[in-house]
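Dropping the structures in below, format is structure tokens.
Both complexes below contain chain A, partnered by chain B and then by chain C.
After this line comes the complex of A and B, so read on.
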């Protein structure tokens, strides 16, 4: 084995182990903050796998979107609402666990089937595009994947408008979660300059 | 445009002369540029710290450090040594693992971003195809480290500081990326080498600052905000938050934050000079000088001259920007958090979007000036 291949193999093993152990930690750890930070580590390792596959643009996009945006948002949400309270015990925890395990195993078997049936090897090593992938991705986004791309942007716009409506309480007279009338006093008042108009 | 010194090739040839295989030579070569850049970054920090002390003293009509070496040049080294030998304290109720991992997560992406900073045609660690996008992606990891250290300190000032830092860095990343996108649009490439080469046509006249004045200002404001420099240093805001997310940190862990923020400042200055001020380009094109001296562009003398001029120009431009940043720090008051977010979301974001749109339009209208 040449040095390059050995390095690749070591990187692949380490990244896969980090992904597996980290993902298990995300699910099994009691502390939600640790889970959120571990999730960031898993996202980073997935980006590392993309790098090993010569897809550097996808790797950078993975870091930017999943670590830089999604994970930061998750941690933000946890820290803003982090109340020190015990979770309520759930009555039918056993049946819920059985159902979720079944669903996960079904998904896993689906993935394994995809893995076994798909032809992974390239017809020739010259077919790997490497650095050119950025251009190819752009071409695809503006030709055959144009509709999914635009639909995704509409989806994001909807999410944004929804978030604005939820955050700006003066749009609605009733609180959405509790149904009580909104205390209009709490909504932003017009700022009064501190130094003027004072006798 | 493939000229300039190729040190890697020469080094590998030199080692092959001793009968080593090219793979071994490559492995021996690999750590050298990384070490060199790391040393350059740390020395750059020492210089910046000294400049900061001296310029702040001048701005306040003081003398500044005076006794440690001539003009106090050894003061930053003394500062560093002091931080090195200080006791490393982890507060009793803090979360030990996250408390330690926070500063590392803040520093490592910044140092990794030096991968793409070119000091000459071949004088960079790696000319990766995604170039400047790598920096944008890496700098988005930083907020996680800030949130982590803010949370792990178990202190309300730290938590507030961490949340503020993350909010600030997320909101200013978007106009930053959009103004970089306008440059990329003109260059047709993400690589920093191509971005500089595209500006090297006519010396100072072809620098991007003339074609992207709005982008330049937006980028500089956002870079200052990302570095938490003074008009935007709310996360640390001594008067309100003690020291923000750094409150509980001492010794080497504090030094990592300190180092990180200064390396980030230098990196931002370098990137501004690469994106807008022609990178390693001399105000007068080197080809003209070579023609004036009647020397071919490939002559060894011209090669060495070009390489050294390149390094000097890059560093000079970057330090000019660092000087402006320091001057801004000691002469401007801090903005409020609502002003900060207003500026980011309601002013810089629309401006940079319009800039991107106008650049695209101009590129279609005048392809010879705006990169066809």
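After this line comes the complex of A and C, so read on.
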């Protein structure tokens, strides 16, 4: 990349701060809608990091798939299940928080120690193919990664059909409990939820 | 201190921190949608790692970028199926509180 090193450092610092503060906001904020929009910001900043790493194609894919599809899907899910409810208090919430925070901080210190102490065998930047990476990704996808590429298409088809099957309302010809035929009107009816009021 | 480029350790530390934030959110969220968001955060942390190694260690063959493409594909499929499961759960239990999904608890 031909950007001056100082500019790269400034961009990296800003993007990392946005990523980390945004991720903390996603996890900690009270309102789930704010979390969803912050998540979009985090995805955009990750795409910026990819641009810093000379990967314009993956950055574009990140913006298209994550911000354009996954984030919109999450916002739709929030709109569909957005119900104000008073959560039942958990009695041992404090010890749970302490234990999980300890686990996360321990894992973080372990990972950072590995990052800093390991000697990475870095290749020389002269080999860098830079902007040709899109061509190289295409060659990979249609030669040595052809089988995973085709399997990924089957996986996407399976996910699509699975999501439709899981998310649609059950349409049955007979009522399970009474055995009477069900009228198949397209009007939304108030259905009794199946598994409520257990314990 | 003079450096030619950003050290790879900086990318690795950012991705480690993002991964740990994701785990914390996964363990502590009461809302099921937030759990899915935490999973997405963790997947993004893994992707940053793959991209950093692809750029610094293997910058001629860039197999890490191909891996990242596949991870993005699987993440999209996972988000679609996960949210469908969430909708079906919400239809059956009328809540998204993770503490109330205890049918398998003995």
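In this section, the second predicted complex is superposed on the first by the 130 of 199 C-alpha atoms of A that agree within 3 Å, B and C clash if a C-alpha of one lies under 4 Å from a C-alpha of the other, contacts with A are read in each partner's own complex, and residues count from 1 in each chain.
Please note the rule applied: contacts are C-beta pairs under 8 Å (C-beta built on N, C-alpha and C of every residue); 3 or more make two chains touch, one makes a residue touch a chain.
What you are looking at is a predicted structure, and each value in this text was computed from that prediction instead of being measured.
Once chain A of one complex is fitted onto chain A of the other, the partner contacts of A:98 are absent, as it touches neither chain B nor chain C. Of the two partners chain B and chain C, it is C that touches the larger number of chain A residues. With both structures placed on the common chain, the touch criterion links A:3 to chain B but leaves chain C unconnected.
Of the two partner chains placed by the overlay, neither chain B nor chain C lies in contact with A:146. When the two complexes are overlaid on their common chain A, residue A:40 makes contact with chain B while staying clear of chain C. Touch criterion not met for A:14: it reaches neither chain B nor chain C.
In the superposition on chain A, A:72 contacts chain B only, with no contact to chain C. Legend: residue contacts after superposition of the two complexes on their common chain; A:112 is shown touching chain C, with no touch to chain B. In the superposition on chain A, contact of A:63 is made with chain B only, not with chain C.
Once the two complexes are overlaid on chain A, the chain A residues touched by chain B in the first and by chain C in the second are 57, 61, 69, 76, 80. Per the touch definition, chain A reaches chain C in the complex via residues 5, 8-9, 12, 16, 19-20, 23-24, 26-27, 32, 35-36, 39, 42-43, 46, 49-50, 52-55, 57-58, 61-62, 65-66, 69-70, 73-74, 76-78, 80-81, 83, 85, 87-88, 90, 96-97, 100-101, 103-105, 107-108, 111-112, 115-116, 120-123, 125, 127-129, 133, 136-137, 140-141, 145, 148, 152, 155-156, 158-160, 162-164, 166-167, 169, 193-196, 198-199.
Residue ranges of chain B in contact with chain A, taken from their complex: 23, 27, 98, 101, 128-130, 133-134, 136-138, 140-141, 143-144, 147-148, 151, 159, 162-163, 166-167, 170, 173, 190. Taken in their complex, chain C has these residues touching chain A: 3-6, 8-14, 16-25, 27-31, 33-34, 36-38, 40-41, 44, 47-48, 51-52, 54-63, 65-66, 68-70, 72-81, 83-88, 90-97, 99-100, 102-103. Across the interface of their complex, chain B is touched by residues 2-4, 33, 37, 40, 44, 56-57, 60-61, 63-64, 67-69, 71-72, 75-76, 79-80, 130-132, 134 of chain A.
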